[in-house]
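Both complexes below contain subunit A, partnered by subunit B and then by subunit C.
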Partner chain A sequence: MNRKFLICVPVFLLLFLSGCGDIRELNEIGIVVYTAIDKKEDQWLVSYQVVNPSTAARNSTGGGGEGAPVFTFTTSGETLQQAIQNTNLEEPRRLFFAHNSAVIISEEIAREGVSPVIDYYLRSIEDRATEPLFIAEKAMDILDMLDPSEPIPGRLLPNMMERGEKNMSKYEEVDFTDFVIAATSESKSAVIPQLVITGDKEGQTSMDALSKTRRAGTIKLGNLGAFNKDKLAGWLTPEEARGVAWITGEIEEIYITFDCHGKKEGPPQSTYLLTDSSVQLTPRLTGSRIEMELDIHTEGRVSEVNCAYDLSQPDNIDKMAGYIEERISLDVEAAWAKAKELNADVMGFANEINNRHRDKWKELKGIPDKGYLEQIDLITNVNVDIENTGINQTPFSSLIKE
Partner chain B sequence: MERLGKYQICAGIILFLIGSIPLFVTGIEAGRDAWLVMLTGMLAGLFFVWVYLYIQHNEPESSLIQIIRKHFGKYIGTVIAILYVLHFAYQAMRNTRDFGDLIVLTLMPESPLFLIMLIMMIISTYAVYQGTEVFFRTLEILFPIVIISFFTLILFFFLSGVLNFQLLLPVLENGLMPVLKAAVPNVAMTPFAQIAVFLMFWKYLNNKKYLTKYTLIAYIFTGLFLVLYNILIVAIIGAPLASISTVPLLRAVPLIQIGGFLERLDPIFVIVLVLCLYTKMTVFYLGAVLALAELLNKSHRKVFLLVGAVIYGASFIPANYIEHIWVGFQISHNYDFVLFQAVIPVILLLIIMVKKKSSKQKNGLSQT
Partner chain C sequence: MGLFRKRKRQGGKIQEKQAVEQEGDSLSSQLDGNIKKIKELTGNTDDVMYRSVTIRGNYRLLLVYIEGISEVDRINTVINTLLQSNENEDLPVLNENENLINSLEERLLAISRCSYVENTDDLLTELLSGNTVIIADGFTRAISCNTPGGKRRAVEEPSTETVIRGPKDGFTEDIRTNISLIRDRIKTPDLWYKIKKVGKQTQTDVAVMYINNIADRRLVKEVVERLESIETDSILESNYIEEFIQDETYTLFPQIQNKERPDAVAAALLEGRVAIIVNGTPFALIAPVTLAMLMQTAEDYYQRPLFVTFLRLLRTFSFFVAMLLPGVYIAITTHHQEMLPTVLLFSLAAQREGVPFPAIVEALLMEVTFEILREAGVRMPKAIGASISIVGALVLGQAAVEAGVVSAVMVIIVSFTAITNFIIPTYNLSVAVRLLRFAFMILSAAFGFLGILAGLLILLIHLAGLRSFGVPYLTPMAPFILSEQKDTFFRFPLWALNARPESLNPENKRRMSANMKPSPPKKESS
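Moving on to the complex of A and B:
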């Protein structure tokens, strides 16, 4: 009995454990790189950018391929899933979603509420819902853009976000999890960055675009969409978005432009490179109102000075630091004013109040339309340290001054 | 007579208690305080562990079935013993179905459910056929794999910076009551009091003086581990998302992305899931087989196929995964678990205590 049983085991394993049950050969699947979701008169329009395997392979080995490395197509349906299923009507390959690297949602859907999209992706078995989210005026247009720097566009948006996070610190990458966490927190507000196409869109949609040196048009990060629950409430400009990042302490490395005489008008002429910063937000109860004290401390160096200024004098350095502090305060105030205007607590003040003053928050929670924002006074203290001025002290312009 | 070492029992209890935990966030009803629920549940569960250990210490060489029949009398004892066989088989069936549904849901959406469960049953049945000693030796080998996998995941969670401990604040937002309500009896009953099934295995421990020590070590290690698990899940995906996810860990693991190349660690998750569910399911299966064999006074090799067939057949009864989970949380939690893991053992404990006292008194009387 034992021996017969042992002989049966390998046969059984061979038959069933080889994993051929759900077999999908590479040449039968279409690998989805980006997904764009639009809506047109109650119909969901789902667009995909799919890798074109033959030309993509040729491109990555250096030889110029014939035809574009990707192709896009759009299907429609009454629900998201139906639209996705309808791809079978026009696409011979079975779509493979595990490598989807961005979901772009149209502004119209964002204004109506992104819940259907979020729910679909969180429910999906095939999609892992770890891709970043974006908003664009017409989402499917983004997919048509080709970029010579990334012939296989799959890494374009993620790379752009990564660089943006590290060196610009305006936008954090927002994936489904981030969005849900923010939208379900006490502040019930979240953000999603916007993608815009600058320049000539048509010029960038054919293979010719890849053979030109100057791009006719390009995809850029635009404003930051502020969400109230799941609805887009409005846009924060890049400056305001930076202010939000200051308040939430997400600033990592950033260039701050300022005028070395502290003038508010006219283009700023000098740049400060921030290398390290710490941010502390403390809510305090003052009678019926709430005082939010924001302490920002930064370290960095001056990397560009275009005015005659004697930088070897510590006094002058202190003066410059003062101007930079003003600049940062302006960003913070702009963000705060916009947040109040949009009724979107994108800074997460509600969470801070709930953490420190739970009873007060229970009172404030009941006020409709984020009315509690009106009861908050934001006090900003900025402290800028200039550690050095690069490997030059006095600016060049003062050498040629008469 | 088969014999188990102390490490084998220890590994067995840890893998068993972790069991189906990777599938759920136990105690998420209390929101971000789920870890406190787990902690409270563990402390409350200690009482039941004490009850079981007391029962076992009183009769170190007997299994649950023998103890029950001795103390409840022949007829009532037999009825209760039969109920225990059914209870263990039912538990095994629940885990089989959990396993099948989860694999279909997360890994192989096009594979038939019956086949996945059949493969699981065959592997389990082979272990059961070989007996307690072989099975626990297997667990001793599987134990480091599971623990290393888990701690690899935890390490990567820290390295990839997905943890946001702010999400755990504020602690005890609505006071202590929601935590206590979620913890007792539910969390105390599953997974902690499920250790009752080891009343079938403790008698095999070769040196009984290690019984309490190693059981408690395993119990507290698992308890703290599960508290850590709850903290991590809430710190990664937040309590609201965790509460609507079917498999919260599967939501958290894909978020690990380190340096643009260390990602898609789902296979580690699958290793953990499969091994832990396998252990839990086979422990119950073996428990049911041993109990039935003792009841019929036959070798376990005579009855294992029958029990296996019943478990496999019963695992098709729930119409879908939702119903399966609903029954588990609404009915099993409130009646089945309480009866077999709390009511009967406590009655048994009281009977033993009363008997002890009266025999002491008798001895005392006869001496004077």
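Moving on to the complex of A and C:
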């Protein structure tokens, strides 16, 4: 009895003396949804978009709230942690980062090297390694933008990325894990998508923006930043980014515009909707050089044809397929040229070489700054199948002529 | 034998008790002396009735009975039978002491169960059981005739265990009725029971019932021995018995099941369990019992197997929800906010804006309020009870939210927890869950999920250590018994449940022949 009692006492004390450990009530935390990191001279400027729960929740349940669903503020410090620590000087709530849904890094930091940022986030207990990364010219500006199409805070960027990934196939969401794996790899180069603000930025920073039908300004996905180690090496345009996606086989569902007479200049007038594709990349050794053979096979249908073509003729369909193939080849070549220019192996050729010709890769590995790219020749074979032409066969314009 | 630790401890007591028992004074041959004695012993209570009858002109008989607990019609029949013997000529010689009594008893046996009484203690017991005692002048032996009566509740639908499909009769307060309800269902001569009087003052009839060639003999012996070891002055309800014979007192979990339904008791008897029926309460006891059994209902065997399996899984889920939900809510919202989907976190955070108390205080406030409402609902007069408790819950809940004292989610959590608690079929198990909920709330407020995990581990260790009459409480999960899995979380079709629970060690293991699965008739080969 006595012994039992003696065991029970510390257990009870544990309950009451632990002081409720790391307890934090919901109304004592500020939920951060986006973090932006800029640098001014030697000071880190960290900006936070913090949710205002009462208005944010009202938005998510449909009713319009009073006041903005989020507020932003910036703190500075000599290190990132110090800057974040300094929030305690002005923010009554303890910032809570576990629901941070994007980290936006300024272009300046990206060019200098993102290592300090990555290091901080990999050590952080609250932040998750699955937070997507973005680059913007001035990162904190992105946080000021309100968007009426996505009233729930913290959902805009991840959702935009998801759509961009699926329907445009230009960008892939890059989170800390992806970035670290790519940047530390000997063979692959890391990428981070860029965010740009188009239109009037000031117009989107107040609640008035949410009551207008047309957005004054908006956040868009811009170029794709290609990294050499941890430094931003340059930008790939959307077309080049798509070329990269073709090579890495990440294309899912995209529209390809083309001219139905094969002209390369002038605006294209027709569109091909890709529904399925397969990409095969085969490295082959030819003497001292490496030949990369890229076989692209696509299936899809045409969704716009604005020239007088008789699509019931298989010949015409084949001709059109040829033009589309040219178009795809152009994208691929542009991406390849840019990659060589930036010395960034964004498409992961080195991996392919390592997989198939391990000895060759050991030889190439020594060349600094991804110099091995110079020794690779890319040969592109594109095979486009047009499975159907939609529910209409003859272009409408030719119906009028008859 | 280590299982029956309790028996060894109490072996000594039984012998002591027998030594203490004394025989009462024997009856006097003088009728007046006997009357005086009875009056003296009963304090000349008004409801003890004396009616004298003279037969054969010179033999004075006295009928003694207690008004209210005996049936007047039957007493009158007894008197008529006695008077008829006046005309009867061929009575044996009268001056031999016992002959009159013997002949009268033979005659009375035709209308009622009779027995001899030779001392005052037995006489009083018979009187107090509602029997009529016939004392003759000049004889030291009296006759007791079975004439119990009085007002009794009729067999009604059980109020605590209602079913959609299944028999609608429930036990009453009368032990004879209750036994007959079970006899009605099991018509085997092997259904045995022994009635014992327990309680010095109340002399309550307690029947231990079992099926002779099914129930484990050691189990029956154990139950009987534990019953016999009870020395108390009163048994007013079966819980009095339960608390005296259960294995472990300091636990929230019941180790003996109480049932109001004769069909459920019959089913338990057929599995090889022992039932204890106590006079004066409609709740019969069943032992041994396991936790899994407490989560089952009689109706589980009257509905389709697949649906019952779904229900059982639902009950198991509800068991954990009822115990853990408020704790998990507190743990997530105060320790592990990262676990919530972002949008849900926003709305939870919005609701907590302006709530003055920490989540644990808020939860305790609501839970205690609910417990008060519930207890008040039981006490309140039936007519207003239901409406007041609903109104109280709704108004109090809504008003508390609007006043900003508690958040709306907390009201949802508390009410959902309360509803899941009602799914648990056994009331005294659901009580255990209700109390444990508070423990888990405090643990989670202090340590988050770590606390809940620790609590669950302690609970598991505790449950694994409990036994009910030698059967581990968590049977058939721990110890794991594959054959009993057919009727634990799952309910296999009845033809698949062809063996009695192994854990009960039944004398007769098979319930039915092995291949009872219905199948179309085989074609006769031509």
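Throughout what follows, the second predicted complex is superposed on the first by the 378 of 402 C-alpha atoms of A that agree within 3 Å, B and C clash if a C-alpha of one lies under 4 Å from a C-alpha of the other, contacts with A are read in each partner's own complex, and residues count from 1 in each chain.
Following the convention adopted for this analysis, a residue touches a chain if its C-beta (ideal position, glycine included) is under 8 Å from a C-beta of that chain, and two chains touch if they have at least 3 such contacts.
Nothing here was measured: the structure is a model prediction, and the numbers come from that model.
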Partner chain(s) touched by A:355 [first = subunit B, second = subunit C, both, neither]: first
Contacts of A:3 with subunit B and subunit C, given as first, second, both or neither: neither
First (subunit B), second (subunit C), both or neither touched by A:31: second
Partner with the higher number of touched subunit A residues, subunit C or subunit B: C
First, second, both or neither for A:99, with subunit B first and subunit C second: second
Footprint overlap on subunit A, comparing subunit B with subunit C: 16, 21-22, 126, 128
Sites on subunit B touched by subunit A in the complex: 105-106, 108-111, 115, 119, 122, 164, 166-167, 169-170, 173, 236-238, 240-241, 244-245, 251, 254-255, 257
Complex interface listing, subunit A residues touching subunit C: 14-16, 18, 20-27, 29, 31, 33, 51, 53-54, 56-58, 60-61, 96, 98-99, 101, 126, 128, 152-155
Interface residues, subunit C side, partner subunit A - complex: 333-335, 337-338, 342-343, 345-355, 358-359, 442-443, 445-448
Subunit B-touching residues of subunit A, taken from the complex the two chains share: 12, 16-17, 21-22, 122, 125-126, 128-130, 175, 177, 180-181, 184-185, 351, 354-355, 358
